[in-house]
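Note that chain A is present in both complexes that follow, paired respectively with chain B and with chain C.
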Partner chain A sequence: MPTLRDRLATNEKVAGWVFVLPVLIGIGVFLIVPIGMALWMSFTDWNGLSPPGDAQNVGLDNYRDLLSEPGVPRLDFAMSIRNNLYYVLGVVPAQTAIAFVLAVVVNQKFLRGKAFFRTAYYFPSITSSIAISIVFLFLFQRSGAINQTISALMPGDDFRLNWLDNAEGVLHNVLGAVGVDSAPGFLADNDIMGLSLWQWLSGPSVTMFAIMMLATWTTIGTMMLIFLAGLQNIPADVEEASRVDGATALQRFRLVTIPMMKQPMFFVLTIGLIGTWQVFDQIFVISSGGPQKTTLTPAYLIYREGFQNFSMGRATAIAFLLFVLIMVLTLVQRRILRPDRD
Partner chain B sequence: MPRSTTTHPTRLAALLTAAAMFAAACGGSNFDDNEGNDGAATGAENGDAPTDDADGVSLTLMGFSSGTAEDDALNAIIESYSEQSSNTARFNPVPEYDTALQAALAGGSPPDVIYVDSNRLPDLVEAGALAPADGQVENEEDFYESLRGAFTYDGTFWCPPKDFSTLALVYNVDMLDEAGVEPPTDWAELAEAAEALTDGDRAGLVLGAEYPRWGAFMFQAGGSVTDDEFTEMTIDSDENREAFNFLAQLHADGYATTATELDAGWPGEAFGQERAAMTIEGNWIVGALQNDFPDVNWAVAELPVGPAGPGTFVFTVCYAVPAASENQEAAWDLVNYLVSQEALLEFTEQFPVMPGRESLAGDWTDAHPDLGAFLAGADYARPFQFIPGFAGVLDTLNDGIQGIAAGNREADEVLQQVGEAGSPVLGQ
Partner chain C sequence: MTVPPPRERTAREQRRAGSGPFRPRAVTSAPPLEERGQPALYRIGKRVLGYAVLAFFAALFIAPFALALANSFKTRPETLADPLSLIPGEPTLRAYEIMARTDIPRWALNSVFVTVMVTVARLFLDSLAGYALARLRFPGRAVIFALVVAVLAVPPIVLAIPRYLVLGQLGMLDTYSGLILPLAVDAFGIFLMKTFFESIPREMEEAARIDGASIFQTYLRIILPLAAPGLIALTILSFQASWNEFLHPLIAAPSDPDLRTLPVGLALLRGAQGESQDFPLLLGASLLITLPVALIFFVFQRYFIQGVAASAVKG
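The block that comes next holds the complex of A and B.
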């Protein structure tokens, strides 16, 4: 004989399910089922043209082509990983550091025109990335504002770098400047996934470097906002206490502010890491993966293979490899930077 | 980048699969309706007479926009079709055409007539997406052989060309006069002219660093990427080496350059801005120059002849009927109207693209007396076409060509690399 209490509990359970059902259906239809379908597709040779049911099962062939079989697909995938790795290594620290500094600056109590600066810094984040990319296309032209500014700062030197069509690796250029302009034997002879170690160590190409600057500039606003919220969450009494204890401004920043910002820092690094591994729109507008595949990224490769080269099976396989990569890196980062719970 | 979350790969795949599933579900119900039409289609021998049934069908032609004026002209032709036929037709230009077509075909209920670019044809045929045109198109032999070849795959003719373009040498008349140079007719003259016309920031020749431009020089030298049957890579040859080394030298000397080096989005723009004296482009450059750079005094010549003779590319789009179209008979009726002499002439007379029918060559030349060089190329032009799965190899080739143009790759090494990349794709 169920008690009144039991009946109420059962009713609550039913009501609970009814209330979450619409969301569950939505997530199921638009997320779980499609991800399952995509996973299945990554084991087929679906070309994206015929009905998906006609696709042949090819087992692990797509993954083998990308990871172990020497050939164009593996080389392209390796290049996209290399390019994006340098992109992440450049953009994530830069955007985090600059956003943190900006947040500290606009958080100063004595700063005038605070609202103006906050709006100005946040502005790029709310503008369409396509529009910004097109503006950067003009800025980085050979006769564009960037080159003209550099020329003006270096009198007598007409600086005419073709930023957006230059495949030379930045690290290779730096090494070239100190006299290392060809690969030492062991770097040229050994390769990972078909790409020689020397190629892996190229650094981002000049074009990728320009896109990295663009990306940093557009994202710092969002990151700044997160840091700003964190800064304003620091209780005033903590700061006062440290002041009473006789800490200098620098000590307060190093020993109070930074430790208190560990959680926002973790959050910013995580979304930065995930976002930078998915860079697509700037590449699509500015370089389409060129010059010489140096701005090819996994996300752009997915688009190219799936929609231009009619290899939807391979495209979904890349998507899942990218998913695994992001997952692993995020977990590693979490292990290193786990925010303190108390 | 948080803003790029819209392109989250799993979400992209998710969207795609959701769309495909939905469309597949819709497509299933249409399948039954096809049965009746199949019998009717085989009955129509020449497909000319529109069915006199009171209830004609409504047809959709899906394509991409070629500019407002072109779209209006095509709409007018389609309107006149609807008036004289019991069927009604509608032109639906979509942005991001390839993606839209892919989704429509994968969904199983595609539009009745679609545009197919010759370089996409093999993929679509292999996917079983198209209904063959064999016997459905009136006066098929009238189309240029090179165009019929471009739309013949696996020995079957799939679709009649809507119009076509070839590559030719476009030059700035004033600059050539000023330098006292005649339009070049062979490689040696091209090199001399490019040198004479290069002046400070102005390049002699602006040339796209990609196979659809450099390939013409391969043809002129007697080379090619593969054999005609796509069974063997033939790219690593002395002929191709000669072509690439010739172009590499022009770039190294600074007489030839790419559009981005001249702050332009494509060679036509650099040419229009008078930052280059010559370029190699197709018929599409005519509209761009007329609209954006009306003051430039330009003319067209056939591409310079190489050591092995003339060579150029033909770029063309056809009207194809998808295999899954519900109204095959009516669709071919519309296609035949669109590629009839009257309709082709009406359209191409107003625009610089050329009609695919050889019998219209005279009329077109009369309408465009100064563009004859483009049409002359039709006799020896080759299509830009490979087999499914070859796109990755082409990317590698384009990548190498960019490197040669930029001066950081060697022709030898590029040709060898592309040869090795292509062999497994051709099944060697």
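The block that comes next holds the complex of A and C.
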């Protein structure tokens, strides 16, 4: 005869499975099956309209078109990688640095109003990305609030930068300012994936730069909260002890605060990196990939190829390449920056 | 000679003495401990600098919302000529009157319906699964938890087309169930609830189980009430996430305008307006999207902050 303990254990086995079953079905139907189907789809020419069963198997053609075959798809993909790379290189350091500084300032004991400032800084992070993009679309108009503010700060100068329809690369502009306004021979003659090295070195376009500012503005709050939680985790007696030992404020910051912040720093960089490689909503509202494809990103390209150009096969191939890219970059970053947990 | 036994000092006495958990606020002009020995000018200087930095960034984060609000009450020519003034020259409700006559109320209702259904479904599914993963011993538990964590790592944009494909096969494109069900599966919520259940002491449910209550009864009567703070946090976080969700409703209801949610409707409205944007209207609609989340945020702020802390632990 089974004991009470045995009966309870059997009940737990059954209940455990019953409790997780709905979620398992959901993960299966909306995650695992779709990913499997999409992997298969990336080897076909499905257009998204006809029944998927009619799609022809095209082998590796979709991947070849994106990576090695000269042509528009490869050029678009290369540009989307370039554009997003500059976006990541701009946004991740900016959001991390500003968030860190703000967290340190907000955490100062001699300053009051911590709750108010924390709220003000965090609010953009929880607001709809579409709503924020519309607001920035308005602010960045040619006669808009941003240009008018800059004009007011520079007396006698009527600042009218065309932010939102400006394909000029920021690095090209900087080089132009020091007299380099056309490509040196070897940069123009060599290319990677059909895009000349000179084009790879363009920097973000002015329009992309505006979107980068918007993205930085939106994400600082979340990053700041993570840093703030880390700062508040530093035991008070460690601070106290270093003070008693006669460490100056600067020494305490360098020798106590910075080492204790490795874990939050690693987390902020990880979510920053993963998030910035998926930028989509802001591009959709503000620029639709333009001007001259300078705000095309892999995420937007997936949408455009799939739902506007009806090349679902190619779009899923881009999706898998993006997935691999994000995974590889995350692992590389983990290798380089992983703090020791002990 | 008898010595009276030592008595614990009351909180009030501790406060007066300046020891214990209650430190007195600086009543006199003597600087706090950590600032002793610093010249007065330096102490004032660093305060001025600190507040200057804080105020500058506060202005930077608040200004766009303030400008959006002000400009939604301006006429179209005024938004173009004078976007910076916070007080409209000729205040008008034109934008809001137009909003009432367009599809925006319909989109708002869709948003409310989808958000509420997704949130209810997540509360139910995530707490059940989170409880099983935290407490019940069953074969395969570790594998299922690993699966949930792996799901967290798949970027939503990568899932967009696969989901479109499956929704099409299931005949769920352009339906409310297609808008709701995929969002109801939510790995982060499971993770959040699992963490929360693990923080509840085991004794109470074990007592209930020995007394003969079934696992489901124990879960419903004992565990869920104890988990109320976790459930509130989950409610708020999933309300915010599904209210703001853009990509999924964009692909799940591609051809039925009656099924658009507010973010999708607004993004497509902006696209349809081309170069001649009706900014008072667009800004008013943006504020409409912002308002519910703002209200919830200001009331339940600490739950949002908990959510960030929980996600930081996950990393």
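Please note the rule applied: the second predicted complex is superposed on the first by the 320 of 342 C-alpha atoms of A that agree within 3 Å, B and C clash if a C-alpha of one lies under 4 Å from a C-alpha of the other, contacts with A are read in each partner's own complex, and residues count from 1 in each chain.
Methods note: a contact is a pair of C-beta atoms (placed from the backbone, for glycine too) under 8 Å apart; a residue touches a chain by one contact, two chains touch by 3 or more.
Quick caveat: nothing in here was measured; it's all calculated off a predicted structure.
Partners chain B and chain C, once the complexes are superposed on chain A, run into each other and clash.
Shared-chain residue A:164: touches chain B; no touch with chain C. Between chain B and chain C, it is C that contacts the larger number of residues in chain A. By the document's definition of touching, both partners, chain B and chain C, reach A:281. In the superposed model, A:24 lies in contact with chain C only, and not with chain B. In the superposition on chain A, A:307 makes contact with both chain B and chain C. In the overlay built on the shared chain, the residue A:229 is in contact with chain C alone; chain B does not reach it. When the shared chain is aligned, chain C comes close enough to touch A:113, but chain B does not. In the superposition on chain A, A:267 contacts chain C only, with no contact to chain B.
Of the two partner chains, chain B and chain C are each touched by A:143.
Common to the chain B and chain C contact sets on chain A are residues 29-31, 33-35, 37-38, 41, 48, 52, 129, 141, 143-144, 222, 271, 278, 280-281, 299, 302-303, 306-307, 312, 315-316, 319-320, 322-323. On the side of chain A, the complex with chain B involves touching residues 29-31, 33-35, 37-38, 41, 47-54, 71-73, 75-76, 91, 125, 129, 141-144, 162, 164-168, 215, 218-219, 222, 271, 275-276, 278-282, 290-293, 298-299, 302-304, 306-312, 315-316, 318-320, 322-323. Those residues of chain A lying in contact with chain C across their complex are 4, 8-9, 11-17, 19-20, 22-24, 26-27, 29-31, 33-35, 37-38, 41, 48, 52, 101-102, 105-106, 108-111, 113, 116-117, 119-124, 126-139, 141, 143-145, 148-149, 217, 221-222, 225-226, 229-230, 243, 264, 266-267, 270-271, 274, 277-278, 280-281, 284-285, 288, 299, 302-303, 306-307, 312, 315-316, 319-320, 322-323, 326-327. Interface residues of chain C, counted against chain A in their complex, comprise 32, 34-35, 43, 46-47, 50-51, 53-54, 57-58, 60-62, 64-65, 67-68, 71, 79-81, 83-84, 125-126, 128-129, 131-133, 136-141, 144, 147-148, 151, 153-166, 168-170, 181-182, 184-185, 187, 190, 209-210, 214-216, 219, 240, 243-244, 246-247, 251, 254, 262-263, 266-267, 270-271, 277, 279, 282-283, 285-287, 289-290, 293-294, 297-298, 301, 304-305, 308-309, 311-312, 315. Of all the residues in chain B, the ones that touch chain A in their complex are 1-10, 12-18, 20-21, 24, 27, 98-99, 102, 105-108, 123-124, 126-129, 258, 260-263, 388-389, 391-393, 395-396, 398-399, 402-403, 406, 408-409, 421, 424-425.
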